[in-house]
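Below are two complexes that have chain A in common, paired first with chain B and then with chain C.
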Partner chain A sequence: MLGDNSMILGHRLSELCGHGPSLETDIALTNISLDLFGQVRHYFQYAAKIKGAETTEDNIAFLRLPNEYKNTLLVEQPNTDLAYVIARQFFYDVYHLLLLDQLINSTDKQIAAIATKSIKEVKYHTRFSSQWVKRLGDGTAESHEKMQTAIDYLYPYTADLFKETPLEVSLKEAGIGADLTKIKESWLTQVKSVLEEATITFPENPYGHVGGKEGVHSEHLGYILSDLQYMQRAYPNMTW
Partner chain B sequence: MDMGVVRDIEVNGKEVLVKITPTYSGCPAMDMIAADIKIALDKEGYQTKVELILSPAWTTDWITENGRQKLEEYGIAAPLTESADKLALTGESKLVKCTNCGSNNTTMVSQFGSTACKALFKCIDCLEPFDYFKCLK
Partner chain C sequence: MQDLEKDFQDRIDRGEVIEPRDWMPEKYRKTHIRQISQHAHSEIVGMLPEGNWLTRTPTLRRKVALLAKVQDEAGHGLYLYSAAETLGISRDELFEQLNAGKAKYSSIFNYPTLSWADIGIIGWLVDGAAIINQVMLTRTSYGPYARAMVKICKEESFHQRQGFEIMMTLCNGTAVQKQMAQDSLNRWWWPSLMMFGPPDAESTHTEQSMKWKIKLKTNDELRQQMVDVTVEQAKVLGLTMPDPDIKWNEERGHYDFGEIDWEEFWQVVKGYGPCNKERLAARNKAWDEGAWVREAAVAYAEKQAAKRTQAIAV
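And now, the complex of A and B:
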């Protein structure tokens, strides 16, 4: 799940390479994408090692079907405009940081090592996206409206981040995974405080989309994967 | 070595195991560094293996004094301490020294730079842009 989140969000951000609205945001978003891909490689190399046999990180990344990807619905949402990109990033970064903060103490040594490494990078991501939420929210009338629209639209997708699946419950009980209930509390506090500073109204929308972590995705994932897997599907086992 | 990327070396006769750690997770230079180490040691007649380790996680504190000096000579401002880094990156304090003229009158252009480990700065006095190595703890 964590690896798939980083992979799909990393891919979404990589779509902006050379298309960012300004040089600063273009470089920042692709840098964040690179960090996420680096983290994915650590997770997938570890997963491949556990699976053994013929499995490699590339098999895991490129040869699964959509329902085998367990990323949350939030990260697969499209780059509608900069406000959507920032809102998606902000919701995810705050969650990601809190999640890694718990995984640092995972009883699984390798997960703990990856979390300790990644959290340093994710701190920079969170700072970047929070600043942009404030800049757009508390900017011009137009940027404020766009930021509010994006926050309102994407908020229902954040429910998926906190919906505990049976797998997550068993990982939590084994001391490997994180406690999502605790994360949700801190997440709400932090998100509300940034939105308040950004003069954005917190969406009190009780409805939430869920299912991504169990392989039930929005239509967007299929398009992402057809892009992402094209090379391996067209030329099986090709390498650089 | 000066960057703190090489963590451990085990020599067993003609067999060498070199353990390296990435600066940032997505550092694309890691494969190149591993290949360079292997080529250099193989040339000396060793059988070399390079292993990537993640724990303990790399920090900018591991860059040696010599490494910092080499960074500066190359035109990359060396990382500050964590609290100073925060002030510098938010623009609250002018602490990053221009690698071209040495002035502290510098400003951040972009928090993210040409690679994952750097931020882009500009010197207000000599107007030259330069890289700053972001602090990682």
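And now, the complex of A and C:
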């Protein structure tokens, strides 16, 4: 779940590389993608070790079936325009930072170590995306409208971040995973505060989309996987 | 005026470095703007063929390496545009020249990346050719350009090793992988030789550029260096050079090689290569669709500055 979120979001960002609105944003977004894939490798190498036998980080990354990917619906949403990219990043970063802040105390030492390393990177991501929400929200009339549209569009997908799955409940009880109820409260406070500064109206839509963490995705994931898995599926069992 | 030009040439002949505030002939300035910006544009356009494979890398390790490489290229573009700005032109103007199709960039990036092996080939041959050219440029007479080159060369040689390693893995792999590598070499070999520009006899800029130490070796000398190095590396990989005329010439101490199809070269330079239209369209799209974002960033910065001034006034 942790690794899949980082991987799918990192994948979305990698699609933008070379197509950004300025060299600086291009570099920054690629850098975030790189951080996320670095985290993916830590999580998947650990998962491969637990699974044992001949499992590798690449089997986990590239050779699962679509419903075996447990990322949230939010991170697979497309790069409609930069406002969507920033809104998706911002919603996720605030959540990700709060999550890691709990995981650094996980009873699973390896998870705690990965969280401790990742949290520094995610602090930077959160600063970057919050800044851009403000810049676009409180920039020109056009950028304000685009930012508001993106926030309104993506907000319902954030419900998936906080819907506890049975697996998350058991991990929480074992002291390995995080308490999502606590995260949700802080998340709302922080998101509202940045949006207010950005002159963006907080979306009042009470309905949300859920299912990603249990493998029920939006239509977008299929296309992401056909790119992501292409080489491993077209040329199986080779060393690259 | 004559004296200034003579003094300038004397400084160059003594091997002195020219800095932005120094007097320089207008043509020297213009030539540098042209060359540095072409180089910067090549970095930026060069992100596209490789970016084409970012979402489809075969492993996570390759993903991270390729992301880092493409990001380095954006960084190179950034220093080079800054070096060009020291000569009195803005990055926005340079972008506009590129987008309008008025500025050139390395023609090699007008070829498509059709397989994963092409990512290896770009590192091995294209970055290899770039290094041969750029190592020379670390000693070029214009200070900001020479210094940018030192940093860029370090990263490029890392990229080249990475590319060679991708090729090595393919060549040590299955028959399908080795075929993928050979096919890629067949397609990229000649275009990468063309990267050094037209033959000396037809190169319009070479003579003056050598006098000003903008260039220290001719196109043909650099091209020969590329052939000599690559033939040996291809042997290590076990790949066949797609040129039956390649053979060692004892007398010259170099490899002889076949005739380059200069018609193809000029066709691509003039905008009719396989991907010229796509590359320019991608740059224009990024620039046009980014306009509202750049405007928002400026508007926001102005609002913030106004707030600070107001706070101070109170």
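What we mean here is this: the second predicted complex is superposed on the first by the 240 of 240 C-alpha atoms of A that agree within 3 Å, B and C clash if a C-alpha of one lies under 4 Å from a C-alpha of the other, contacts with A are read in each partner's own complex, and residues count from 1 in each chain.
Throughout what follows, a contact is a pair of C-beta atoms (placed from the backbone, for glycine too) under 8 Å apart; a residue touches a chain by one contact, two chains touch by 3 or more.
If you're wondering where the values come from, they're calculated on a predicted model, not measured in any experiment.
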Using the touch definition from the top, say if A:81 reaches chain B (first), chain C (second), both or neither. second
Under the stated touch criterion, which partner chain does A:37 make contact with: chain B (first), chain C (second), both, or neither? both
If you stack the two complexes on chain A, which partner ends up touching A:227: first (chain B), second (chain C), both, or neither? second
Regarding the shared-chain residue A:14, is it in contact with chain B (first), chain C (second), both, or neither? second
Determine, under the contact definition given at the top, whether A:124 touches first (chain B), second (chain C), both, or neither. first
If we overlay the two complexes on their shared chain A, which of chain B and chain C does A:50 touch? Say first, second, both or neither. neither
Looking at chain A, does chain B or chain C touch a larger number of its residues? C
Thinking of the overlay built on chain A, is A:27 touched by chain B (first), by chain C (second), by both, or by neither? both
Give me the intersection of chain A's contacts with chain B and its contacts with chain C, in residue numbers. 23-24, 27, 31, 34, 37-38, 41
Per the touch rule above, chain C residues touching chain A in the complex are 44, 47-48, 51, 54-64, 67-68, 70-71, 74-75, 77-78, 81, 116, 166, 169-170, 172-174, 176-177, 282, 285-287, 289-300, 303
Across the complex, what residues on chain A touch chain B? 23-24, 27-28, 31-32, 34-39, 41-42, 109-110, 112-114, 116-118, 120-121, 124, 127-128
List of chain B residues in touch with chain A within their complex: 22, 24-28, 54-59, 89, 109-116, 120, 134, 136-137
If you look only at chain A, which of its residues touch chain C in the complex? 11, 14-15, 17-27, 30-31, 33-34, 37-38, 40-41, 44, 57-58, 61-62, 81-82, 134-136, 138-140, 142-143, 146, 227-228, 230-232, 235, 238-240
